[in-house]
Amino acid sequence: MKPGIGVALVLGAAMTGLVGGSALAQGQSLSQQLSADIAAGKISIEGDDAAVNELILKRNIPIPYSYIDTLMHVPNAFGPGPACVVCHSSNDPAESYRGLDLSTCEGIRLGSTEEPARPIFVVGQDPKREILGRRLRNNRMPLGVEFNVPTDSPAILAVEAWIRSGAPNDKNFTDNVLPLFTTESAFAPDTPACTDCHMSNQEPPSFHELDMSSYEGIMLGADSIAKGVDNATKVIIPGEPERSGVWQHLAENRMPPGISPFENRDHANTQIMFAWVKQGALCN
Amino acid sequence: MKPGIGVALVLGAAMTGLVGGSALAQGQSLSQQLSADIAAGKISIEGDDAAVNELILKRNIPIPYSYIDTLMHVPNAFGPGPACVVCHSSNDPAESYRGLDLSTCEGIRLGSTEEPARPIFVVGQDPKREILGRRLRNNRMPLGVEFNVPTDSPAILAVEAWIRSGAPNDKNFTDNVLPLFTTESAFAPDTPACTDCHMSNQEPPSFHELDMSSYEGIMLGADSIAKGVDNATKVIIPGEPERSGVWQHLAENRMPPGISPFENRDHANTQIMFAWVKQGALCN
Amino acid sequence: MKPGIGVALVLGAAMTGLVGGSALAQGQSLSQQLSADIAAGKISIEGDDAAVNELILKRNIPIPYSYIDTLMHVPNAFGPGPACVVCHSSNDPAESYRGLDLSTCEGIRLGSTEEPARPIFVVGQDPKREILGRRLRNNRMPLGVEFNVPTDSPAILAVEAWIRSGAPNDKNFTDNVLPLFTTESAFAPDTPACTDCHMSNQEPPSFHELDMSSYEGIMLGADSIAKGVDNATKVIIPGEPERSGVWQHLAENRMPPGISPFENRDHANTQIMFAWVKQGALCN
């Protein structure tokens, strides 16, 4: 008996139930899932990355390490720029920035080995707010700052010290910190004030519903309307500048170095790499 | 004695006959062939892929598997889109579409392992009309159909059933099948009628000299003038929809998913992969 | 005790001196060097390749062979065009141009094996004027000549013979060689005269301060003002056409074949590959 034609032949989906095997005993094959979703009108084709979203990311396909290895080695993998491994291919910090070796699976899982040594993600968890995610997605602020601007300038150190001291609403904040957020070129030449884009908790016009014009706005955090006040994303963690979004955005350059802030932050390969981490960052 | 300069030094061709070795005992080196062809005015420089055509494809250079492996792993290898291995890297159909593993040479040669299991080419033969060639080159029809349109719609199933029943010129064909080819949006929203582009056996204006406006035209096939009526490419194989070009074009999406139909169907890398298959799909 | 924040956390530089290890005992880590250079205002952000220049090339980071291997295998590595390994993946000159195998580290180091066998660089030295550098950087002249134009034409052979005979300022030069440099389309159809771009030792308007309009100008060489007359780059090495820039530019096609002469000759990947050669062309 011939199998049914139509989508079955196209996608290889065994709609007649002839297919067995351990994996399929527990559910549908990918082709079967896709056929069903297409029939149900569940497939979106909006946007440049529609194929990646619909066929890959929504279905938790195991991302092979061999693809991650390719991404580490090719230029322009996450947007225009040099390959990751050119700067990060050894655990020796005299040979490789941060002693970070992205040329092997073990090195990727190990993370930075130069003190302070740190992994770049937590295996099995969404790396969006971990170092991997921040470096690939977050534009350094203020918008337009170049990578030759020091990240330990007096202005940035003032913000850092204020957060580390507990982020109090005191005279130092009012006199020395808040003006940095409301003044042009406070952190780098020819850059807008933070409040040019983050002036209220309404979006539009304020990006991420973030208000940097007052103590209350800064402590409320981002997306307080979209997520609700109680679930807003805190951008200041009192006492911990390195975990605070405000400090991270001031002091961390987006990778690859030199990339334009207008390049897609949700590049298909970035999403695929995140999926690999969430799946366990497996090496085979 | 010094070797002759000129093209000899440039290309390294040993025009003085000094070169030996088993391969050359049977003919000229590649450099010698190229020098001779240049001298004879046989090298064309027309088109974007001239270098690939003249230097590689015309000369049957053995394509190394390491290059095929690269093509499977990099994005945009055959036109804009995700890397092949992201969706096809395992023989488990719950993890990889069609249980197709393109991440290894053995997997490429094995083809789809989900039922109905099928190789994607015949080793040593031109894969142009095999699954590999169709998926890389053939635009799904009608032009502009998106990949979220079901391939088992009533319209496509009606065409399939007609072919399977022997493709007779009967009342069912006249009443139910032929109108699908002559009507706009018969197979997908906002798509032209087949006959908008395939209206006679003259090209121009009819693409591929294919006339889908009548039973006789459809059964005659494509390129009946260019190749002669007896050698025209049949687009209907009575009884076998899966081998019929009409059905294939209605039901098979071009890869990578989401690629524009206006992207070059004869991409240099597509031609190189075909050459590798014709050479035996060797794994070293 | 917490490490200092600021650039230390950003770049991982251990500014408090906590970091040890053999490499760092002899100097700063890369991150520390970069922090210091940023503080000193030594980082330039001019140009498309600023990140590569400042973060990689200036710091002599060991380039891993795995990145060179990638460059050999991917299309468009040094500008638009096919991957190197498609034409150069075997030491058999019947299978691979010039018997040059770029698919292995040993093959890259070995160079062309077809007679006249030649390495493409000297390990540990700048390959800019070696075969590797010339093929990646030098546009074949006159500008616009296509790769299907013979490199052993009577005009090119006349130049070659004149150089080989010692490049004398004789009647043959005046009557038969000099006019080739001053006449349009002397070496290829629809190409400018050499003297259209190289007409004096002043730049602008004369590219490379090279004057091809007289015997004295040609023998003086290029960049005689920028470098001084005694250090000008000789473009004629009497008796040795294959070492003479004039002949090289007439007879050597830029790679990848078909690349436009307007593509960046100092591609970031070209610079990185040169760095790898200078570092010893190591295979691990």
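Letters are used for the chains, namely A, B and C, taken in the order the chains are written, and counting of residues starts over at 1 for each.
Throughout what follows, contacts are C-beta pairs under 8 Å (C-beta built on N, C-alpha and C of every residue); 3 or more make two chains touch, one makes a residue touch a chain.
Fair warning: this is a prediction, and the values are worked out from it, not measured in the lab.
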item	value
For chain B placed onto chain C, the superposition rotation in degrees, Cα atoms, nearest 5	120
Shared interface numbering between chain C and chain A [over half = same, under half = different]	different
Chain A and chain C: spacing of chain centres that average the CA atoms, whole Å	38
Residues within chain A bordering two or more other chains	74
Of chain C, residues touching chain A in the complex	3, 5-14, 18-19, 21, 23-24, 26-31, 34-35, 38-39, 41, 43-45, 50-52, 54-56, 61-64, 66-67, 70, 74, 77, 268-269, 272
Of all residues in chain B, those that touch chain A in their complex	73-75, 81-83, 85-87, 89-90, 92-99, 103, 112, 114-116, 118, 146-152, 156-157, 160, 164, 241-242, 247, 251-253, 256-258
